[in-house]
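I have a structure here, written as structure tokens, and I will follow up with some questions on it.
Labels A, B, C and D are assigned to the chains in the order they are written; within every chain, residues are numbered from 1.
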Amino acid sequence: MSACSRDEWMTVAAARQLQGRSVCFVGIGLPSAACNLARLTHAPQLVLIYESGAIGTRSDVLPLSIGDGELAETAACVVPLPEIFSYYLQAGRIDIGFLGAAQIDRHGNLNSTVIGPYATPTTRLPGAGGAPEIALHARQVLVMLRASPRSFVERLDFRTSAGYLDGHGARARSGAPGGGPRAVITDFGMLTPHPLSEELQLTALFADATVDEARAAVGWPLAVAERIDTIATPSTHELDTLHALNARTREAHARPVRIPL
Amino acid sequence: MSACSRDEWMTVAAARQLQGRSVCFVGIGLPSAACNLARLTHAPQLVLIYESGAIGTRSDVLPLSIGDGELAETAACVVPLPEIFSYYLQAGRIDIGFLGAAQIDRHGNLNSTVIGPYATPTTRLPGAGGAPEIALHARQVLVMLRASPRSFVERLDFRTSAGYLDGHGARARSGAPGGGPRAVITDFGMLTPHPLSEELQLTALFADATVDEARAAVGWPLAVAERIDTIATPSTHELDTLHALNARTREAHARPVRIPL
Amino acid sequence: MILPLSDAIERFVSDGASVALEGFTHLIPFAAGHEIIRQRRRELHLIRMTPDLIYDQMIGMGCARKLTFSWGGNPGVGSLHRLRDAIEQQWPRPLELDEHSHAGMAAAFCAGAARLPFGTLRGYLGTDLPAHNPNIRRVACPFTGEMLAAVPALNPDVTIVHAQRADQAGNVAIEGILGAAREAALAAKTLIVTVEEIVDELPPAMNAIVLPHWIVSAVVPCRGGAYPSYAQGCYARDNAFYRRWDAIARERASFLAWMDEHVLGTHDHHAFLAGLQQADA
Amino acid sequence: MILPLSDAIERFVSDGASVALEGFTHLIPFAAGHEIIRQRRRELHLIRMTPDLIYDQMIGMGCARKLTFSWGGNPGVGSLHRLRDAIEQQWPRPLELDEHSHAGMAAAFCAGAARLPFGTLRGYLGTDLPAHNPNIRRVACPFTGEMLAAVPALNPDVTIVHAQRADQAGNVAIEGILGAAREAALAAKTLIVTVEEIVDELPPAMNAIVLPHWIVSAVVPCRGGAYPSYAQGCYARDNAFYRRWDAIARERASFLAWMDEHVLGTHDHHAFLAGLQQADA
């Protein structure tokens, strides 16, 4: 295989999590790349839904925004956004939801709202968007987030969306219908929840990453599973497909737009 | 003018109540004829909405059912039925709603549910349909109903939809947003609510009808206004237009349908 | 999954199930209703805003224990005689009613589609319906304190709708008047769609009405499946049949004879239509 | 009623009004936002799921007292620096926040469109948002007792949306991604629609997206009115402009200089676009 960046490795690792005809609620950035990579390689039947209202898109390039025109043109249909959230997400019709965040804690709870106090933040982040209800309703959640002690924190400044809350079944007791975060895909490998405590533990590493690197990147004492899998190096097919997708996307986004005068 | 039936006279009288760009929630039968007659004569800008979801229809023939194909084909748009009731009717976007019924009382309350007790009716009628919320939300309601002591009754067997309830402001006190029945158009003329008591009183007669005829047809002691208007005889233009509409309709409905084998 | 109609009904519609055959005047799934009659399903809880001829037939043939509805007439013609006979004379068996207004049923289907336990509307004021239906309650707005009407969500065990076309993957495209068919479809635990035709691929639809494949349990090819109702762009409503039904259904004997000959006596919808065509000729 | 943009804003958007410029990535009414800035409206309560560049500009220019929103970033690029500066440093003035999730705002627009006082959702569980927003409450299902989230209806004094076309009567046709624009339009007390073109008559639309004329207060002809957002079938999103905005808006001085030159310094949207075109050349 050719050399690949950690972003590419994360994208490939996430794509591999997607199988068959799963219905994916897709966010912009790495999740969008991962979903489309899966669709273009091993999972052509994957159904991609964007919160803007596009259902079953088969875009040839990645959108920069969540509502780009390519999404509408290649969709099975486009519905009003409120229906995406009520008739699809809330109705339990989403298999896999993707989330990112600025902070994550050991139980997979996420913050994308503020750093510092809510009323007087040191850094105001974009906010919740679809996250609270994706976290609540999707059958499974995949979190994609680069690790550092500033992002993998002991204590969130604000809980925007629920992972396993305080763990040990707290999420299920809260009445959340969805299953919670199945995996956190980060730039050293993958964390998954312990079956009982629901604390995230290191269960897989990229071939060129180490446990020490993982521990250094995480702001809490990282639990390490007894057995750590190695995430197979991206194949040539995976990388070629991803490179071509990214190249098409760059080319499309660089195309000058005629100002509509 | 040519001779005309009481049904035709009722239709013409109702059509004359419709002006300008009023938005009409149309039922099947006489109301549909009245609205389309108005649209084809003095009120070409009238907006007709059918509960099936058709908005702004300009059908060339009258529908037999409330969801005929002509309605969809000639509509400004077709929306899901729930939106008709929530985004249009409940949102206060209907100027005039038409209602019929099996029974009406002196305050314009209507029964289209049962004759006899609800659990053991002697005659089961079709039921409410859109009536309760049309009665509640339309800015004004026009009732079209042939009169007889069996239909204009002292006491309803069942109140399906609200007119002025017990009168004397009871409807407004109940919180009903719409204005209630502006007029009852029947086969001797027109009843309208007294401004204070809100009891229906005889305020207009067809040219060939009498107060005695009206009294005989109404099952309660009919109040008669001090001044009774005469409803102008249908004009040749009105009658010709209505006859042509009915002829087109008969012709269209008689056209044999190919069984889709 | 693409199934023949008889297999779809056999597999998904059980005795005692709650079943909604939706479609408002347009796209009423008559063929599916007839197949339910042929398979002699019993104790069904039938759900439909406007029972129409198809539920008149199913009720008259004894399929139903309960009816959730909002307007039970033959549009533009008059009564549904079999529905009336069931309510007035308990023939062929008693029928429990869960009676609403259109606005209430629409709110209940929308709540069902959204998997909320109840729907809210500003409705049912000044009507006797709530006095006879414990499924019509009140809820207070947590901001203004205003009291509003509430209805429980409708989530049929099985919803059956008819549509113009589906693709091989099971995506369904609907054109024309919808009534509450889309919401009833989305509210279903199991969704069966009978279609006029199955095509290789639907064109990209943009804002058109599509039921995506993964909410559809079975697609059933069934040309003419909405007749004597209609399918926009395919065939017109047979208004004359709706008028004729009034005489057929008025008496029990003539009703039973007609059902025997045309529904029980035919093997499938194609034979049903062929029989009617012959009778017309 | 067909009006020029400046007249529509002058007539319908008052200081202190609640104003929703909706459109999700697609059809964002930039021209209308710029005209509000030119007319120096103040104390507005801005409402938008995704404030996007247009509210970054309006907030940075001091038009807003309050913001109802659910996601405030530059999609695919990063922060909205003017929004951040308003919240973090109260520049140019403090900004009150009414912060929701997308699902909550969608429910609030739907309730507004239906003129219900509140919307219901199964949401806001396990999040700190309700602790900071008294507009997120709970309501009990009157049938099951289940507690659900409730949000107050959004009924903006003025909603402004952009669309591809309208006819002379004022009917508006929209194609492509809708976001919550349709519900925001239906929820408005006053609805202004800027359009790419006005045609004599729209074709019969069947199931397409139409805002009928009598819910539209004013139609404004405004070619390019969504730029740098896009109008499906007319022009593409200028992703490069969205990227460039990050640098323009990062500092107060560069932001003000850009707004002075391109918005305050131009007479209307045509001049705004012409100025950008010149800068590009």
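Brief remarks follow.
Keep this in mind: contacts are C-beta pairs under 8 Å (C-beta built on N, C-alpha and C of every residue); 3 or more make two chains touch, one makes a residue touch a chain.
It should be emphasised that the depicted structure is a prediction, and the values quoted were computed from it without experimental measurement.
In terms of C-beta pairs in contact, the better-connected of the chain pairs B-C and B-D is B-C.
Rounded to a whole number, the gap between the C-alpha centres of subunit A and subunit D is 27 angstrom. With centres set at the average Cα position, the gap from subunit B to subunit D is 41 Å. Put simply, the C-alpha centre of subunit A and that of subunit B have 56 angstrom between them.
Counting only residues that touch two or more partner chains, subunit A has 72-73, 78, 86, 90.
Within subunit C, the positions touching two or more other chains are listed as 115-116, 121-122, 176, 178, 206-209. Of all possible chain pairings, those that touch are A-C, A-D, B-C, B-D, C-D. Touching subunit B in their complex are the following residues of subunit C: 24-26, 49-50, 69-73, 75-77, 79-80, 83-84, 87-88, 99-103, 106-107, 109-110, 121-129, 132, 176-180, 182-183, 196, 223-224, 227-228, 230-232, 234-242, 270, 273-274, 276-277, 280. Contacts from subunit B toward subunit D in the complex involve residues 21, 23, 47, 55-56, 72-78, 86-87, 90-93. Listing the residues of subunit D that touch subunit C in their complex gives 115-118, 120-122, 135, 137-144, 146, 148, 150, 152, 174-176, 178, 206-209.
Looking at the complex, you find that subunit D touches subunit B at residues 113-116, 171, 186, 202, 204-210, 212, 214-215.
Interface residues of subunit B facing subunit C in the complex, by the touch rule stated above, are 28-29, 51-54, 63-69, 71-73, 78-82, 85-86, 89-90, 109, 113, 118-119, 121-124, 126-133, 135-137, 158-162, 165, 171, 174-177, 253-254, 256-261.
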